[in-house]
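Supplied in structure tokens, the structure appears directly below.
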């Protein structure tokens, strides 16, 4: 039984806490959040207790921490948990600064604790199957990868302002998927971006629509596009084209119902947003963490992956500003 | 070059005349229709001449006739054309009376002329491919066949009254498809029918909605359902299930465009009606006729097929009235 | 908190026990099964105790029973649980004999306890959405209903022999769906059936392939077809056609991955069998039971529904033997 | 009746000649080709005569020319036909040199003759419907356009060497589609390209795999990707994403047959190559030309469009070499 302290009782924290509670090999013992009522409510729901970070990390019964608090707390909590010898599952990103990420990962590496970065999409059944078949040679050598990612609507402006911008906050998931699928590191990043969804986003110094081209040493090419607003819902698709064919993972829908009327033949819109679309992925991610930590096995996505995705995001940001391709750091 | 006289200048006649005119191995020389202006217009469009049945059949240059006139003229024209030694392509049905069909086919058989009955659906590329794969063993032995056929809307009441009723006029196509796909003759027919679309159809002694179950000696089962009105367009589908899998032929659409909006994800409705859906089939049917007659090869669907489909229609009609399964004559 | 005793620790029992354990408003206290090791294993997994039916029903802490034991025990357990005042969730069917069902339901009715019959498919999200839209008028008046249900493979012969036959064991689900969707009772049943999958099934007096036509007073028609073996997996589809259009619920698949190779463009096969396909439905069914019983609300599918579906199965069986349509009892 | 002389009796010439012959408002009078046997065969098939360019252009009965000869003859033939006062339908591209295109178009403009450049994809029913709905506001303002174009296999090396390279030979179609759909001119072009399909293509100085990003003044972004080899067939898709939703045009297939077996659920591969996929488009293109020229109406895609697409191709080529975004000339 892996006993958890969870940091963060917000929207994504609700998901993680429910998954810990439902997992036969995990137990949620503590909840920590600066928002005391949220922490109380979440703890009560799953028979856990509210405590402080210091107390939780000092408790030897706690074997693992799940960090789902705000981004600016991630690196500190990783370092403190690592020093306390806890296994760590941390929501992406480690930090918005590459230097801070490097320092933090060094601390974690020294401590030698297991660290899983929450790139949840790797655990989606459709994306996972696509990659498994790709790695298995189903389409030969990968040549062109196309990743489409669109949110149903932009987050609140308050969030946009502290998010680190579209590349570091949103497209970072796609950079991780691209690295995971390409099987080699991008050596060049070209990005172009616009503010088309909401002028307020532009006034906050961010963009809401972007296209990025990655290129690897072997000549494979990845196209990524993002929009902060798709009126038909959460649009999450991957297309991998190679010497032996193509694999596509399409959107998932609530039902398989088709309606034919005098007006049209229609089907469901995609599942609304990440809580719905990636519900299975979050469960599988937690299960991977609990199983691997319990058995002492290697985690599949670690700090170096978090660092590499951020480096691509920074390169994209720089490219979108300079108008020139950039080599990732 | 196969030189044709075409009987009938109505809706279906327009299709056939255009196909004859466009076929490199065929020529439309005469058009015959009691509606003189229609005959004149059609003949003018394709450089043909209007004439009488007697004159056309007496002209030794005419090698083939295409009979697309009203149903009550089919059997007579077949007999006259057969006696004149012409190759015959006749729209279904040969006649609404089984006795008349038998007599007519005897005349044609004695004359030894080629006779193709216009079961156009056999020439549809999707249905043809489905059958080819079925015959090729793609799904093993056929066990359950489901045929769905729905018109976009009922024909005029004037037509309904002389049509011979839904089973002989509309479902006859599905009986032919069933025979063609089952590869053995149905030995029992059960039919149930309702008047749900328009009470006037019921007042005319006909029905507009029906389901039929056919059974063969080997135990294979076919389900056929018809409706005179599908608000979303012409619904023409086949599903063949067997020991090794399932083959489905779905509807065809004008385009492949998919629309995702805040309301729904929608695609095109099916092609509107038989002129659109079976345009390719009519071309392929004519090409088969011209090629086979020119080369002296056997035609793929003959008088006996027309007779057998009508016998199933009559059995279905009797079953729907008696409420009991009927053995086809 | 609704405290359960569960009867039956077999395959379907595993599903139900897991769902009770995971439900925040339910608790699994006892497991009863003649197979003691199975009962012990299941009880251990969820912190429950193994006991006897007598002891469980005598315990006032037990508020609900879930009956997932073999079919021949259902009616007895319903009666005993009803007399003990427990709320009852019983797997279909109540019994294979209509007379026994009637007697049993009378006992349950006298006791006035809540009784839910486990027609799990009503709780499938796709089927549920289809019905909701149908009832909401999306396709006007229902005229033709087509239900397709095929198992991936036949059950063991030992099960076949005590199953009550395809109509009572397998198609009973489809009869329930048909009643639920038609919104009126079938007044006539025609069935035809074959043994095509395995001669041993025929030697045991059963059939493995069947088609049924139901007819209601208003003239609506339902077509149901079953096969005990679909090599591509569990095939579970509904098509509802009406005056205003058509609704279809297609199969569900593990992933949305599409593969395009030199050979073909392919997608996933359907989810393998009922444990996978109806996983969500079983959870929703239990949630409905727990919520309704806890709040004192009416259950959505009761003993009368179990009785009516069995009456249609018996009529179908009789029709398949006599070759004539039958009015359900 | 528009009387044509056709230049070119090769593969694409066969298509055009057949379409002219089948069009009720057009007549094929002359065929000109340096390959005399090919010219003879084509002329014989449609009752035309073989002649020389001089003779054809001197014949006042010739009202229109269709230029389907090799690319290096296009500009000369356009100029000569224009000076002779003929209406011109010319296959893309006008020429591989932008300077030559400019000179040629000036001659044509001075002559004032109708000139249609054969961007056949604009006449594809699916692409045409997509654009019509886009222009009609179905998805609001266009923000992200994704065009995928992949050939089933590379052309012969002899062709590659004179083709002008992938951007000018193949992607030029996609540049035209992008301009047509964006509704504004791209102001920046970024291209990255690889030789992944066949090293011989690289040795000939060309590439076979490429991704391009276009950007317009309003901030709309287009992604185009090309490959010279898709083992599953001709892959031609458009995805237009905007403020009000998304439109996608998927590939077209020979049939609608779906096969479900123990191995997979599969459908047809896309139509094999441009002759099949764009058969309808070629017919519609010719019909537009014949109709517009006959009625004196404006042609929908002219010399300026041919010039603009080539300018984008040249910018892409330059970008792929320099590694920097380029403004089109």
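Labels A, B, C and D are assigned to the chains in the order they are written; within every chain, residues are numbered from 1.
Everything below uses one rule, namely that a residue touches a chain if its C-beta (ideal position, glycine included) is under 8 Å from a C-beta of that chain, and two chains touch if they have at least 3 such contacts.
All of these numbers come straight from a predicted model, not from anything done at the bench.
**Student:** Using residue numbers, check each pair in C-D, A-C or A-B against B-D and return the one sharing over half of the contact pairs.
**Tutor:** A-C
**Student:** Going by average Cα coordinates, which chain is farthest removed from chain A?
**Tutor:** Between chain A and every other chain, the largest centroid distance is to B.
**Student:** Measure off the straight-line distance from the CA centroid of chain B to the CA centroid of chain C, and report it in whole Å.
**Tutor:** 42
**Student:** With centres defined as the mean C-alpha position, give me the chain A-chain B separation in Å.
**Tutor:** 57
**Student:** Find every residue in chain A that makes contact with two or more other chains and list them.
**Tutor:** If we look for residues of chain A contacting two or more partner chains, we find 230-232, 235, 244-246, 259-262.
**Student:** Which residues of chain C touch chain D in the complex?
**Tutor:** Counting only chain C, the residues touching chain D are 230-232, 235, 259-262, 264-270.
**Student:** In the complex of these two chains, what residues of chain D are touching chain A?
**Tutor:** Per the stated touch rule, the residues are 141, 143-144, 146, 148, 150, 188, 190, 192, 194-197, 209-211, 213, 215, 219-221, 223, 225, 227, 229-232, 235, 241, 243-246, 323-325.
**Student:** Where on chain C does chain A make contact in their complex?
**Tutor:** My answer: residues 22, 125-126, 129-130, 133, 138-139, 244-252, 254-262.
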